[in-house]
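Accompanying notes for the structure given below.
Chain nomenclature is as follows: A, B, C and D, assigned in order of appearance, with residue numbering initiated at 1 for each chain independently.
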Amino acid sequence: MNFNRIKRKFSKDELHDLGFSEKLTGSNRAINNDGSFNVKRIGRSTTTIQDVYNDLITMSWGKFGLIVLLWFILINSFFAIIYLLLGTEYLNGAKGHELLEQFLDCFFFSAQTLSTVGYGHLSPSNYWMSGVAAFECLLGLLGFALATGLLYGRFSRPSAKVLFSENIIIAPYREGHGLMFRIVNGRKTQLIETELQVIYSIMVDEDDKRIRRYFDLKLERAKVNFFPMSWTVVHPINEKSILFGYTQDQLLDAEMEILISLKAFDEIYSQTVYARHSYNYSDLIRGARFIPMISKQNGISVLSLDLLHEYEKVELSELIVSETPGD
Amino acid sequence: MNFNRIKRKFSKDELHDLGFSEKLTGSNRAINNDGSFNVKRIGRSTTTIQDVYNDLITMSWGKFGLIVLLWFILINSFFAIIYLLLGTEYLNGAKGHELLEQFLDCFFFSAQTLSTVGYGHLSPSNYWMSGVAAFECLLGLLGFALATGLLYGRFSRPSAKVLFSENIIIAPYREGHGLMFRIVNGRKTQLIETELQVIYSIMVDEDDKRIRRYFDLKLERAKVNFFPMSWTVVHPINEKSILFGYTQDQLLDAEMEILISLKAFDEIYSQTVYARHSYNYSDLIRGARFIPMISKQNGISVLSLDLLHEYEKVELSELIVSETPGD
Amino acid sequence: MNFNRIKRKFSKDELHDLGFSEKLTGSNRAINNDGSFNVKRIGRSTTTIQDVYNDLITMSWGKFGLIVLLWFILINSFFAIIYLLLGTEYLNGAKGHELLEQFLDCFFFSAQTLSTVGYGHLSPSNYWMSGVAAFECLLGLLGFALATGLLYGRFSRPSAKVLFSENIIIAPYREGHGLMFRIVNGRKTQLIETELQVIYSIMVDEDDKRIRRYFDLKLERAKVNFFPMSWTVVHPINEKSILFGYTQDQLLDAEMEILISLKAFDEIYSQTVYARHSYNYSDLIRGARFIPMISKQNGISVLSLDLLHEYEKVELSELIVSETPGD
Amino acid sequence: MNFNRIKRKFSKDELHDLGFSEKLTGSNRAINNDGSFNVKRIGRSTTTIQDVYNDLITMSWGKFGLIVLLWFILINSFFAIIYLLLGTEYLNGAKGHELLEQFLDCFFFSAQTLSTVGYGHLSPSNYWMSGVAAFECLLGLLGFALATGLLYGRFSRPSAKVLFSENIIIAPYREGHGLMFRIVNGRKTQLIETELQVIYSIMVDEDDKRIRRYFDLKLERAKVNFFPMSWTVVHPINEKSILFGYTQDQLLDAEMEILISLKAFDEIYSQTVYARHSYNYSDLIRGARFIPMISKQNGISVLSLDLLHEYEKVELSELIVSETPGD
């Protein structure tokens, strides 16, 4: 099979400079399906406050809820122990006799203080108790302030939700063929000035070393002002295309990967949003055509999101991605 | 009337690529008057948390208030039932005997807990009651946090409020004619670096198929640094114009639509804002001139917003949008 | 004096298109000293919620505080009257007998409810009272939410504070002269990619009509990457300059105005900020030189903000702004 | 040693215009290691509300916490004195007899009011007391609102954390040499469209005056779309380079400084972020090569952040930064 490999030295101008160390990005997938990079970071674990923020903003809602709940229980337990040490006899309304009951009295007094509900059936009766409670109030207000901000930050974070077709296909296009995938805005908001950049990556043998190379794929159209419907993105496979002249087996062996980067302006958030996606060789279908997502019902254009991934097999008239070994 | 139709094949360079599927945008209005697109989306109703946010941010104030009120009543009813199940005998100060009274005691205890007002005339007297109340406090604080953020998000959302003249007119312009509409900033804030893009759309008969085509309209001036007064936007109707040489009947039959997209920087919000508007054939007035909105009173320039839509009829010297069939 | 006036017809390319109606911007100052436009808007007073937001964000702190206080008093009075109508006998702890005392009991119960402090020495004792109080709590939380957002929005609003020299001077510059003003960053934050645009405006007599014309002034340097010190902005007065060849009297008679627009990126706010300023003829000093603001103390560069406006008189070798009437 | 100095008059086109007053930026370091400018500002200390905000946002967490705590204690003490003057006999539940005890009763009543916890074991019993308490509630809610905003603003402030190699090295590059430093993203977030600008500064003798000059350093690559790994930034030292032809002693004597400015878009914050860094002569290593940070472990690319600063000594084949005096 080795004769099948792509042996070619690309000029500097052809290559897309991604900032990757070419020698080390090996046979594994360089880019994950969600567009994130397959890199593990070790050492120097100086987590900053911003990293904590990032984690809290991007984690799942379930995990976030659990962390808030745990923080609420832990901080109340902490203060409950302080109140316990100060003595429940200085806590008006505390009726517990055993330690657990006394702890629970203190715990709920703490909870009522931290949340500033302060029913008053439990209240501090000496100055130390009052002082600690006052400090806890301050802490509680600031803590809930932070939780408030985070909750809202999570809720209101601008982010594009662009849906990508499951497959990337080689379809008839004009007189020849085109590499195509299809995207649709997964939100009801309008994306403005949507721009696409598509990076194509294969392993090549240069001077007997296998290295991963990256190329910009030229698109038939790389920017749309409005994006109210589906957008079938097309890279024409002609003489100028990097895909021209390679067999499917060669592309497979070359561990083809495609990285898509999308940039748009979100009208609701008034902010620029980004989205990324990645395809690899197993997502490629040769000889297919996307089924239209738009139909006419009672004179109104209807966009069927369910049809995003649907395609039909077609015979490719002529093999642009030829079966004869290139070079 | 069919001979009147515009039969022409436009070259790729002439067309504006909007991202529309041309074959399916038919005889209905493609763009609504507010600039939104006339597309219905079906299937895959995977509403994300961001969609919910978008809805809550963009709905009317009345609807938003109602939702908050309903949420407040529902969540209190939910907790009231839990307290009821735990037993009102563990609720200090509850005096209700009948079920409804007991429910109301529990409901108001819940309300006082959720809002952290905690008068204390009602208070939990056992640990289960205290525990649920503590959890409700936590939930209440987070819930109000979210409502807070939403309320402020709604209030402070940057958005241009550009007022468009009701009509788009064909007026005398230099030696010939011009297609004109007028805009004014509906806010007291200053818009900076205001840019306009105008897209012109008609139905054309290509190879016996009726399809909608989009074109960029060239403007006499497409950007202004400051926009303190009214701005009469002009597209000169000359030989280079797409409108040149068509009769009014042809334009009517071709279901003319004009989409205007405005981009500016808002000084108060320090953010880029967008606005859209659309005209169709019924908004077109041939032979008119806008009445000036700016006048001089005691030496001060006065901008009369009420005059935005006002025009006067004028005789067009020569019919640029000719009555003879094109082609 | 009339022979002194500038009679010239400028070509379209020379003019700066500001979006002003040229015929109506008359003999009054078109631009105020702070860079705002001297335009009065009348009619169609459809104040939107965003206008209210803008006002609340930009008004003085004293006025904002007063509005919050008034809102607090008014809303509490409103609810106090409702509680009064429901009857103070249903308000536990209310001890007032006369109407004023009863009103005050209700007022402070309302205040304790709205702010959710809820001491409990006053508490509702029937269900109607509880219901209204619960609703007031909800309203109070949302109201304070809004006040919170506004308070923070006011505090954190990004805005450049660029200080401009009081005068704009004509100073020796290279072999000839230059029109100069000086700016300095009034904040301790760093402004990045600071860009300037200077618009020059005079009244000219075109076809016996006096109209105001706007021109872009070409600057020796219009953008700096960093702006840690003072920046003396220079427009060289040479043959290409619009100021070349006019006498001082002519410029006075032509009601010269200069509008400066500054754009920069603020590092702390991570946002683009704008600033504007305006000079008119009375701010012009012929034959002056700015005194350096930067000095060396113990080997450290020291920027003396107090020297911003300081200049010294110099003899201009040759009158570039000549005394002979132009044209 | 003086013969070693760089005597040369640079043309305007060669120089980078930083906005510095060239005559006064003397022998001290002009740019601090963190990229801030070594300038002291005096006079006109008109601190605006935004300066206060900037300080509160950028100060350390410890200092911020202390300020909040102090504010809480001071404002409570202030109100405690007012309550004391009104008389503790009008404070239900106050049991203190001595002045200090009475003050503490008032202080904790104030704390419970300001934080709206309002247990109710202390409560106002006349109208003056109630009025002041109501006002304190209002103030407390607004104060905590501000603290909330600040806390969240601090937590969520977008800022790049790009790590720079400790040293800037002269390493073999292609056929010649290159000036190199290495950067890595210190966060787990993705930086998009990262751009670099490198400014090179030396003292030169122009007409017997020592002045500091700034130059743009041309980079082999100044922008990357994605930045998932390390990036070794290279300035090729060839005939076109400003460094070409100077000895190391000359650069030392010329007090070389290098300012790096980085601009990127942060995916999490959806905002543009900036970072700056500076090197000076003592950070320069001649004849070194960075040790790769990326290695392969079980087929996965691993980025070792600990290796960022690591380099190995190499022999430079030919002295591009020559030992012979330039000019």
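In the analysis below, contacts are C-beta pairs under 8 Å (C-beta built on N, C-alpha and C of every residue); 3 or more make two chains touch, one makes a residue touch a chain.
Just so it is clear, the model here is predicted, and its values are computed rather than measured.
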When you check each chain against subunit B and subunit C, which touch both of them?
A, D
Angle of the rotation mapping subunit C onto its copy subunit D, from a C-alpha fit, rounded to a multiple of 5 degrees, please.
90
For the two copies subunit D and subunit A, is the contact made of the same residues on each side, with over half of the numbers shared, or of different residues?
different
How far is the middle of subunit A from the middle of subunit D, if each middle is the mean of its Cα atoms, in Å?
28
Distance between the CA centroids of subunit A and subunit C (whole Å) is 40
Each of the following residues of subunit B touches two or more other chains, namely 112, 116-120, 148, 157, 159, 271
For the complex, give me every residue of subunit A touching subunit C.
116, 118-120
In the complex, subunit A touches subunit D at residues 16-21, 24-28, 30, 36-44, 46, 48-51, 53-54, 57-58, 92, 112-113, 116-120, 122-125, 127, 130-131, 133-134, 137-138, 140-142, 145-146, 148-150, 153, 157-159, 197, 199, 261, 269, 271-274
Under the definition above, what is the set of subunit C residues touching subunit D in their complex?
61, 68-69, 72, 76, 101, 104, 108, 111-112, 115-121, 144, 147-148, 151-152, 154-157, 159, 161, 163, 186-190, 192, 194, 221, 224-231, 265, 267-268, 270-271, 292, 294-297, 299-308
